[in-house]
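Here chain A shows up in two complexes: once beside chain B, once beside chain C.
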Partner chain A sequence: MSTDLRTESPPPRVALYNNPKVRSAVYQVGLCVIIGLLVYGAASNAIENLRRANIASGFGFWDNNAGFDISQTLIPYSSQASTYGRAFWVGLLNTLLVAGLGIFFATILGFIIGISRLSKNWLLAKAAGCYVETIRNLPLLLQLLFWYNAVLKTLPDIRDSFTLGGAVYLNNRGLFLPKPSPLEGFGWVQIALVAGIIAAIAFRLWAHRRQERTGRQAPVAWVTLALVVGAPLAVFLLAGAPLLFQSPQAGRFNISGGVEVLPEFVALLFGLSIYTAAFIAEVVRAGLLAVSRGQVEAAYSLGLQPRPTLRLVVIPQAMRVIVPPLTNQYLNLTKNSTLAVAIGYPDLVQVFTGTVLNQTGQAVEVVAITMLVYLFISLTTSLAMNIYNKRVALVER
Partner chain B sequence: MAMSDTELVPTGPAFVRREFLPAQPPPVRMTGAFGWMRENLFSSAFNIVLTILIALLLAWVVPEIVRFLFIDAVWTGADREACHEAVQGHAIGACWPFVWERLPYFIYGSYPIPERWRVDLFFALLALGVVWMLWLSAPRRDLGMIYSFAVLPVVSFILLHGFEAIGLPVVDTVLWGGVLVTIVVASVGIVVSLPFGIALALGRRSQMPAVRLFSVIFIEFVRGVPLVTVLFMASVMLPLFVPPNFEPDKLLRALIGIALFASAYMAEVVRAGLQAIPKGQFEGAMAVGLNYPQRMRLIILPQALRVTIPNIVNNYVALFKDTTLVFIVGIFDLLRTIEVARIDPKWATPVTSTTGYAVAAIFYLVFCYGMSRYARAVEARLATGDKR
Partner chain C sequence: MKKIAALFALAVFAVAQDASAQVLKTVKERGTLNCGANGTLAGFGLPDAQGNWTGLDVDFCRAIAAAVLNDPKKVKFVPLSAKDRFTALQSGEVDVLARNTTWTSSRDTSLGLNFTGVNYYDGQGFVVRKALKVNSALELNGASICVQQGTTTELNLADYFRSHNMQMKSVTFATANEAVKAYDAGRCDAYTTDASALYAERLRLANPADHIILPEIISKEPLGPAVRHGDDQWFDVVKWTLFALLDAEELNVNSKNVDEMLKSDNPEIKRLLGTEGNFGEQLGLTKDWVVRIVKQVGNYGESFERNVGQGSPLKIDRGLNRLWNKGGIQYAPPVR
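This part shows the complex of A and B:
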């Protein structure tokens, strides 16, 4: 005779404080209460403190007149007519400018050094290793101060500035470059460039489809080069080179005309690119080492040449490993650009969290807006990264 | 049929050799220094060009650095006259007398001179704790843990800040500076971030949704914003959040900012270690009847932390470099004292800035490189257990 085990005695009685569900509920409610009390206490203290200090709250200051100058503005801005809101956008654009250019240079330098560290050339590999070890172990702030105070600020003054054929000037007030100003007919060159890019994309699609169908390859690289660079260049020359370079004019105390690049900008760009390149080099090296030798040997045994092996086998697999930490480094560079405040480059933190905060005294709003901007950049980037990771993830059985 | 060494083929055609030739040395061009250079420096036309370019670059940079630091450097002098190119009439390198004179300021800041023995004692106690923790076969490392994470913080606070009841006059933190502040900020970050980071990492992997949510929000928020804004928040917003009559100390505010920041990063490092522990370890610990604190303390964390020691130390290297950012909220760390000293009119010359930055560079390079070498050594030591 068999007994039905399921209908046996009821579950053992457990004391309430030993019941895992009750416990976890109590812990969570307790945590919520503690955090709620902290937030409530902080908020009520803040309201009380602000009331005592007679500081307005809210975002009304956004439309008030700013009344301070900014040394580098990408959009029209003037201290008399512009608002704090405008100053915010000026700062944000300056941050994005230095971050974008920094990412560009850091990527190029980082890839070169990362590949150099794996070179068979002993001297090159050691020199690259030395670069990485030194730069990674020095604080970025120290490097920025060095570039700004010890290198750029000790350049000669305007009268003795270094010059390159009277077109480029370098002195302790910055870098002065010729300013390109388009004349009539330059619009055709821009149209040719856009048309060339569209044609190049179309040609690539066609060549790819034909190769899938017939196996015949087309000289994609050359045709792309001809369409994107050659066609606009030809139009440019046919239209009679409608671009005037306005050279900066060196005076006794001042340089007028041309494009002025602030020394703060140059120092920040140098510091960020050189520092981040050392980290990118390590990312690239790890990525290349992650592709096993068997992959290369298999590609050779299939008859691929070294160059297609690199392009079709090694790099796609290495990129899978490289891209996530690489984006992380891009984010770090963007966040590190806030160190601009130490050398006086007008980035978001210097303009907004520095000057605007000092003038309005509205610490909570200003710091919160700044943090939200960076948080937004970080979170959108990690979202994009998650999508990428899903796309390139190894498809396993 | 037996064959001797010298007789390969006893019989056969006359053109078959019957004994071995004596072994010849390898071609001289392929071995020794020459062969090594051929293989590693001049293996192709491209490599030859690269080698020459790098050699030229080194020949330009290295002598320049040696010249600046040693050959053209000024070793003695009383003020800027000694280090001024126009006065001396020849090229000037580093201005070392400036560093000798300002060295106490770089180390102690404005800490009162009669009380500086307290800072020295703090450095000695700290060094003891560091050695005890880092030397993996030191005796009683459990005591070392208690010493470093519980005793040392209290003793250091009493020693550095002062405690009237035992006859140590109070030294306001405004007077602290230089290496002292750098070390204090780094140590507080290191000591606070480990327990908080572990707690946050466990919270992020918790079964309880509320705990998980708060941990994720904190970690992602702090990691998503730059340290500068965290420090700004700590220095301008924190005073608003506390009762009006209680004004937190400026250094304390910066320390809170650094500690929050370091904890969030440490949490992610520890989480990576927790993820490396196989599920069987959790299940095995549950099966033998351990409760949650026992499971974590006895089974999971010792393994998780062991595999993450290199990452933890690398995180500390990053933290040590990041301590320079307290400069921005007006704390006198080493870099700030150098910034102040280099523009002092008594020593202001074209080479003073570079000399000051060279001192800072050597300091950070020694500490950070030392730490990362240590991390690598521990990594190698841990890896030996996994090799079969």
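This part shows the complex of A and C:
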């Protein structure tokens, strides 16, 4: 039979323009050229239009003096000395702060609610169900406005602040906490903390290996706590508590000094975390339900308690289903943080595409930069989650 | 954001237009004037419950419509926030921006627009709670101040406190509504904006009587209409509409007596009302363009009193906005 195949004549030669490979290559190159021309045309057209309309263009504005104030700045910033570029970084850091903390709280809250919804406790399960159905069906902007007004309206006026021994103040301007400033000898505490973290990691690895070898478990959680919290605390007390707390001072109008947490920030963080948690809860529930019932029964028949069953058998398998949609929720939360505009929190969009765009009038540049930044944040988040997904994915042998 | 996106799309995809795009022709063909207005500021631009717009800036757009289209109702008002207003004008969404906008050099030169004059001389002030017992802006050291984003106000505020070596915390909001609400809720000690707007905004506070406007005026805020750069004919039409409103007041031509004034022997009035010369035609309009403006909208003084002056709830004094020969600085070149 094989001889037949060998003697068969080669396929008839086709004309070049009829060759499917050549054709598809030509089409693809052609499409690329057309897209390239469109992009080039659009860009040169934009430049020409801006020039004709006498609208300033280019990135020269980046180093110009900003001249406006920002209410929350994580890096030094002042209206007289700082540039639009600096204002950009201030806005970006504010965005990252609220997005990072939002992701943290939304994840914790989402997991708790998602697991609760599957609980055998009727009340807990119904309460979690209620939460999810209410929160995810109301527009986020409405919720943000609700939280902002709830925060502002329920808290007392600055002159009637709640206060904790003159060190902590809470009022409708925000939460004011004492500001810790390190004295001499605080370096040792930091060294102890770093050493503690390294020791804790080493202990974990050792305990893991020993368990694999001998099956004996070590009290990892307690040892970690002792090394990371206990050791630095001991050093701190031994060094004579070298930390000075600057209490906030009530002035004529405002409270100054200390650490200030703005109500805009709190409202945005609450709104984003609570809203996104509802979606994460559903993702978690879907993931848990995807683990077959047999896995739980097998764990029980091996004598595992419900808690270790959840932690060691169900969740690791559920993570495979959870991680990809969880990434979506993280990206959504970051992008939704731009609604800060509505409640006056100085995030990137409020500061940069708001004030800077309006003061410089350079919409094209400012919007392009902002889009690139969000793209970069989203792709980075996505990359990190993909790496994590690879780690928890099913290893096929 | 919608407006920013529109500008973005325009800048990128619009076919490069002739620098002297014919806005006048477009408006005549379209049959309506697209006017960028405030939408939330009593006295300057605010629609009532029936959707009828009133205000000094609104009247200005109606005057243009009267001159160009012979009907002050043929105006489509586009409410704009301070932040979005320039982009809306640049992108062509509106033909003219009459939204209590301060004329500054950078806006005139680098935003691709031209200011056509000043229809209200204003300055920035502060409103505070009476209970604070503050009598001067110089006592506001350390205060929290609510302000609207994307305004000259935001910059003046920083400048004023810097130059007086005072500290403050500014809390910025995208719209005046949100800023006023936050001030009313106690988020800030003071709210700052142009003095004219302070009078209007104070009326919207829960208890207007609990608040006072401080005497300091910390900046020059010449508010005026603006058009896109590059269309000189349209620039002239808008500029001369304002001058016509002022000249009519100066010559005592108002909506009630304009028909009698047509018979006047005063050569200045004859030129203004088009019974002598062809000044309207030179603008691309008709001879009787000012007659239409005054008959249908009134002169500057009538519009002022009706919207912000004694005939309105704001009761703002004419002050600087009196005519030059009555102790103010409103001065228009003559029609001739």
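Rule of thumb we're sticking to: the second predicted complex is superposed on the first by the 322 of 397 C-alpha atoms of A that agree within 3 Å, B and C clash if a C-alpha of one lies under 4 Å from a C-alpha of the other, contacts with A are read in each partner's own complex, and residues count from 1 in each chain.
Simple rule for what comes next: contacts are C-beta pairs under 8 Å (C-beta built on N, C-alpha and C of every residue); 3 or more make two chains touch, one makes a residue touch a chain.
Computed from a prediction, not measured in an experiment: that's the story for all the values here.
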Quiz item: Once the shared chain is lined up, is A:R52 touching chain B (first), chain C (second), both, or neither of them?
Solution: both
Quiz item: Taking the superposition as given, does A:N149 touch the first partner, chain B, the second, chain C, both, or neither?
Solution: both
Quiz prompt | Touched partner set for A:V364, first chain B, second chain C, both or neither | solution = both
Exercise. Identify the partner contact of A:L140: answer first if only chain B is touched, second if only chain C is, both if each is, neither if none is.
Key: first
Quiz item: Does chain B (first) or chain C (second) touch A:V341, or do both, or does neither?
Solution: both
Practice problem: Mind working out whether A:N254 is in touch with chain B, chain C, both or neither, as first, second, both or neither? | Solution: second
Practice problem: Based on the superposed arrangement, let me know which partner A:T355 touches: chain B (first), chain C (second), both, or neither? | Solution: second
Quiz item: Hey, what residues of chain A end up touching chain B and chain C alike?
Solution: 42, 45-46, 48-50, 52, 149, 153, 341-342, 353, 357, 363-364, 367
Quiz item: Given the complex with chain A, which residues does chain C contribute to the contact?
Solution: 4, 7-8, 10-17, 19, 82-83, 86-87, 90, 106-107, 109-112, 132, 140-144, 149-150, 154-155, 157-159, 162, 167-174, 178-179, 182, 185-187, 189, 228-230
Quiz item: How about chain A: which of its residues touch chain B in the complex?
Solution: 24, 27-29, 31-32, 35, 41-42, 45-46, 48-50, 52, 119-124, 127, 133-134, 136-142, 145-146, 149-150, 153-154, 335-336, 338-339, 341-342, 349, 353, 357, 363-364, 367, 370-371, 374-375, 378-379
Self-check item: chain A-touching residues of chain B, taken from the complex the two chains share
Solution: 40-41, 43, 47, 50-51, 54-55, 57-58, 207-211, 214, 220-221, 223-229, 232-233, 236-237, 239-244, 317, 321-322, 324-325, 327-328, 335, 339, 342, 350, 353-354, 357, 360-361, 364-365, 368-369, 372
Exercise. Provide the residue numbers of chain A that touch chain C in the complex, in ascending order.
Key: 42-43, 45-46, 48-50, 52-56, 67-71, 79-80, 149, 152-153, 157-158, 172-173, 251-254, 256, 263-264, 341-344, 346, 350, 353-355, 357-361, 363-364, 367
